[in-house]
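A short write-up of the structure that comes next.
Each chain carries a letter (A, B, C and D) given by its place in the written order, and its residues are counted from 1.
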Amino acid sequence: MSDPAGGPGTVEEALAEARRKYRNWGRWGPDDALGTLNYIDDAKRAAAATLARTGRAFSLAVELSRTGPGSGHRGGGNPVHTMLDSGVEATAGAQGYPHGFGDADDVVFMPLRSGTHWDGLGHVFDNALAWNGRRRAEVVTAAGDRVTGAERQAAGFVSRGVLLDVGRAMKRAGGSLPDGHAITDDQLEATIRAQGRSARVTRGDIVLVRTGQLARCRAVGDWAGYASGPAPGLSFASLAWLHGSEIAAVATDTFSVEVRPPEFDAPCVAPLHQIAIPNIGLFLGELFDLEALAADCAADGVYEFLLVAAGLPIVGGVGVPANPIAIK
Amino acid sequence: MSDPAGGPGTVEEALAEARRKYRNWGRWGPDDALGTLNYIDDAKRAAAATLARTGRAFSLAVELSRTGPGSGHRGGGNPVHTMLDSGVEATAGAQGYPHGFGDADDVVFMPLRSGTHWDGLGHVFDNALAWNGRRRAEVVTAAGDRVTGAERQAAGFVSRGVLLDVGRAMKRAGGSLPDGHAITDDQLEATIRAQGRSARVTRGDIVLVRTGQLARCRAVGDWAGYASGPAPGLSFASLAWLHGSEIAAVATDTFSVEVRPPEFDAPCVAPLHQIAIPNIGLFLGELFDLEALAADCAADGVYEFLLVAAGLPIVGGVGVPANPIAIK
Amino acid sequence: MSDPAGGPGTVEEALAEARRKYRNWGRWGPDDALGTLNYIDDAKRAAAATLARTGRAFSLAVELSRTGPGSGHRGGGNPVHTMLDSGVEATAGAQGYPHGFGDADDVVFMPLRSGTHWDGLGHVFDNALAWNGRRRAEVVTAAGDRVTGAERQAAGFVSRGVLLDVGRAMKRAGGSLPDGHAITDDQLEATIRAQGRSARVTRGDIVLVRTGQLARCRAVGDWAGYASGPAPGLSFASLAWLHGSEIAAVATDTFSVEVRPPEFDAPCVAPLHQIAIPNIGLFLGELFDLEALAADCAADGVYEFLLVAAGLPIVGGVGVPANPIAIK
Amino acid sequence: MSDPAGGPGTVEEALAEARRKYRNWGRWGPDDALGTLNYIDDAKRAAAATLARTGRAFSLAVELSRTGPGSGHRGGGNPVHTMLDSGVEATAGAQGYPHGFGDADDVVFMPLRSGTHWDGLGHVFDNALAWNGRRRAEVVTAAGDRVTGAERQAAGFVSRGVLLDVGRAMKRAGGSLPDGHAITDDQLEATIRAQGRSARVTRGDIVLVRTGQLARCRAVGDWAGYASGPAPGLSFASLAWLHGSEIAAVATDTFSVEVRPPEFDAPCVAPLHQIAIPNIGLFLGELFDLEALAADCAADGVYEFLLVAAGLPIVGGVGVPANPIAIK
């Protein structure tokens, strides 16, 4: 479509309108480093904990390995995990410890967005400005994000989680949306209605949107198209819902959250990111593996849970690797 | 002391006795990859969630940076975080995106035990054998831990957490135990009694032992002695308690969990690790920052909480970086 | 062909025969760490220096970048070069140095065979044995190659170089051999004859064999097939020549020196490597960019030069990154 | 001293005077990426090759390992070399290759100035400008040095080398200058006179200045003071000689080439770098191991040689790791 925001217009016009409508700058004070995580408070977390009724726990992280879904974007690639020592080495006698002691150690080289992660508030800028209207050049330097780095949200990402299984709800074959499919507000609302009361979204929730793409790529054993090329994802038009629902974060089982290619005629990179991160202050989660959780939700009809999805507090990190845990 | 296990004896005798008494091999079947995490079940997690009463959340992870507490052991050192792009770069005009779009990306090179982490079951061996009696050379190879790697416990480390603030309970100056101080069973029990009912330890708990060393090193701005040299920590004699209490994991605010130097006359490396990991199947957590949590517990007298401490599922990882979240 | 060694036979028979004929074990004593580099002595180097007549110098290294020819083999991939600081950063005012000082610094994460490199003597084993008949498990451990690591040949790779431009000599279109083309002894000799007196190969020479594949891949801007898939290269049958000529090293403009796929019916990995490295003690150079040098040689008809191709002395390295310099 | 440049003055005045006297901007055209390497031409290289008379070759690189002299500056540290596979692993049966094939592979994470290296022309800036008067922010970005990166001098650093063994010539105990010793023009000239005719410096030479510090640190097995703290090195006043002699490069056996601390009363970082690199366009080499070469030169009285010191062509690299080879 030429104008996902509702009327005729160019990408420039759509961006301008979205900035005007959805910008949250100053909402949480000039020094804010939490963005939409501010919607979460103690009461929200306490209420979320009551959703952990049965104690079933699900990890939503993809496995980190050299054969994972990491893209080659900007030299990204996958994590490279190497051993400094191993049991094989210990057995070969190279360690020389007394009393039967032996050990193993390891290191990793990891692009920070190569596995399940949150995009930090410093990941995307809009017209030279980062979240809260700060000058990007004063926020993210070679030293990393000095204002809104990963260490600032170390205790964040604890809230009520809601799964919106759009793939299943739209009754697609295999529960998977086709590449290029743009998820609109209407489809999100229709999914909520189809899933029932437990799927109602409230302020401060962390919303997990399942497209089915990750499962589809894994099933065919080919990640080639996952990190680039067409993918299902949120429509630029869904920004109204993302902003108005006052959610704390949204994550998908795709590489980029938003639909690829973008829905505009003119070339653009990631217009939903450009509004969501620096303007709304919204955290976007990518490469979430929602399969086991989604199967459980489909089975018992309960789509809400306690979600603890804190990432590693890498000082200045703009990509925030996490192992999100959902507890129903 | 020459024999922390209770009677006269050498390190070899102490190790032999500890193996005989505490070995859990086969307890959870021949294919087990969870060790003492098996003590946690759905009911335990559900009960733990009820401890998140007020919704106050605490991150227990140390910040990951080049100036952190990581040791130089085996080329360890600290994480090195570098930017692939930044706001400064974007502003300088190097990116060339249209419509005001700009972004930043980053990578990290990280020794896996350089920050807050769990020692994986493949981290330490005893007489050529790894956890559950498996041959270490068949478990941990250059490809990492092929049997009990971090990806196998991706949804683990969710349970009731209990803080034992031994530093405060022993009324040490500044709430910090001196380097070389060995924490015995008696001291753990005395701490529980001093802290009251909420500190009682039950099967499946994850126990956090605070010595105060991390705060002490941070206060003086010097990590030189943290990763090596004398440190407070658990006594070899505490293995009876660690095993008998059927806890799921134990973590401290030190680099090595156990007291340094070891309590034996003969040279040895890490005798508590040697029994705890490959024989008990017990997960040891290191570099946990317990300060904010401990202050909160001291203030309200409640030492129990929901703990979600899942680590990154690095395939084959024997060091498991984590951002543990305690919710009271 | 089913038997590149000359008669009917299997890969096992061919390997056995090649071991019997070409094995150099013990030739330079039991402690040797130089292999065929022993063929180079002071007199050889002094004579080689006289070949640097005009002073024209050529770098034979491919550029090291994220978009280079590095393969994904074993998580290999390309080097990732990141800046710790930059001029952009300095200008943005983040450095805070007095008197107008500013600087930049950088790091690299690099698979050691991702660019122009020598295969170290510890890179390949034959039936559990490394070069000179040593047990591979005692030679190459998690600590790297403890006997024949890159630091042992730090002053090596200085000798007379000879270019054998087989691609040009065989009058292939574009001077490039087709993928899968196996270069035999006869073709090497024919190339020498075609190139004339300066191309005669003598003891201690470092021979550079140009197939044209690197230029071909670069011209089409696609490295996908370079690191794997069919490639031109030396025939298994050329081992007789490689051994008998008593050269110090051989390098090509391909990823693997030897022809791919191997010339045997049964599956095998890299049979020429298996004989050349651990049995002959021959150094193989890969990813050499011979284009500028080859053009110069074709122009003046002189195919010999001083070659200085020492690699980085990474302690224990089995891949040895180098920037070989040819001086005519 | 308050004014190493000869008269009374501040660091600002000294810098201003040095800029006025020594600036080479435009000397080799507006597009230059070679700086003082322009002093080397074919004739120079051909003449240099005639100095390789005996064929004795010396590597001037320090070994790259986790226990090397690399500093902690900006998270620098030493290289970390890890194995992707090993002989121990192969023997343990993890590889599964047929026909007795086995192999090993490795990666390195390396700060680019952690071992023997050249400072690239983009390493230091002066008042927002890089070499040749270019704006530093347009030269060195997160993508590295886009104008004068290491790949631009890939065939450089081939010339006549001259060793100036100041430590020996000044008859210091152990041939080592004390930390803080500033080497002046006079001392360089006195060394040349003491060493004789072969030590005369001519246009395009690469000059190696030995202080003895590296040997001194290695002898006591302690690199703590090498990368920071006082060190011997070139005086700011030697810039007249460095500029006027029209040498192509200068290298030392220290971490920083210039004396530490700087010779000015006011705080400054590296004033000789600030003039030499961006103003003169002079390449500075650091961490050169000159011991074996110096002993040979002292023995035969010949201080000139062919030097081939090309570094790895890391695209955009501002630190250029090299294994310099001297051939006498």
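Operating definition for what follows: contacts are C-beta pairs under 8 Å (C-beta built on N, C-alpha and C of every residue); 3 or more make two chains touch, one makes a residue touch a chain.
Fair warning: this is a prediction, and the values are worked out from it, not measured in the lab.
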Q. Common contacts of subunit B and subunit D?
A. A, C
Q) Hey, which pair has more contacts between C-betas, A-D or A-C? A) A-C
(Q) Need the CA-centroid distance for the pair subunit A / subunit C, whole Å please. (A) 44
**Q.** Centre distance in Å when subunit A and subunit B are each reduced to the mean of their C-alpha atoms
**A.** 27
Q) Which residues of subunit A are in contact with two or more other chains? A) 74-75, 80, 82-86, 88-89, 91-92, 94, 107, 109, 137-138, 141-143
Q. Does the chain-touch network form a line, ring, star, complete graph or other?
A. complete
Q. Which bits of subunit B are touching subunit C when the two form their complex?
A. 80, 82-84, 86, 88-89, 91-92, 94, 107, 109, 142
Q.
Using the touch definition from the top, list the residues of subunit D that touch subunit C in their complex.
A. 11-12, 15, 41-50, 52-59, 61-65, 73-76, 79, 81-88, 90-92, 97-113, 115, 122-128, 130, 135-145, 151, 154-155, 158, 266-271, 273-274, 306, 308, 310-319, 321-323, 325, 327
(Q) Help me check something: in the complex, which residues belonging to subunit C touch subunit A? (A) 66, 72, 74-75, 77-78, 80, 83-86, 89, 92, 94, 109, 137-138, 141-143
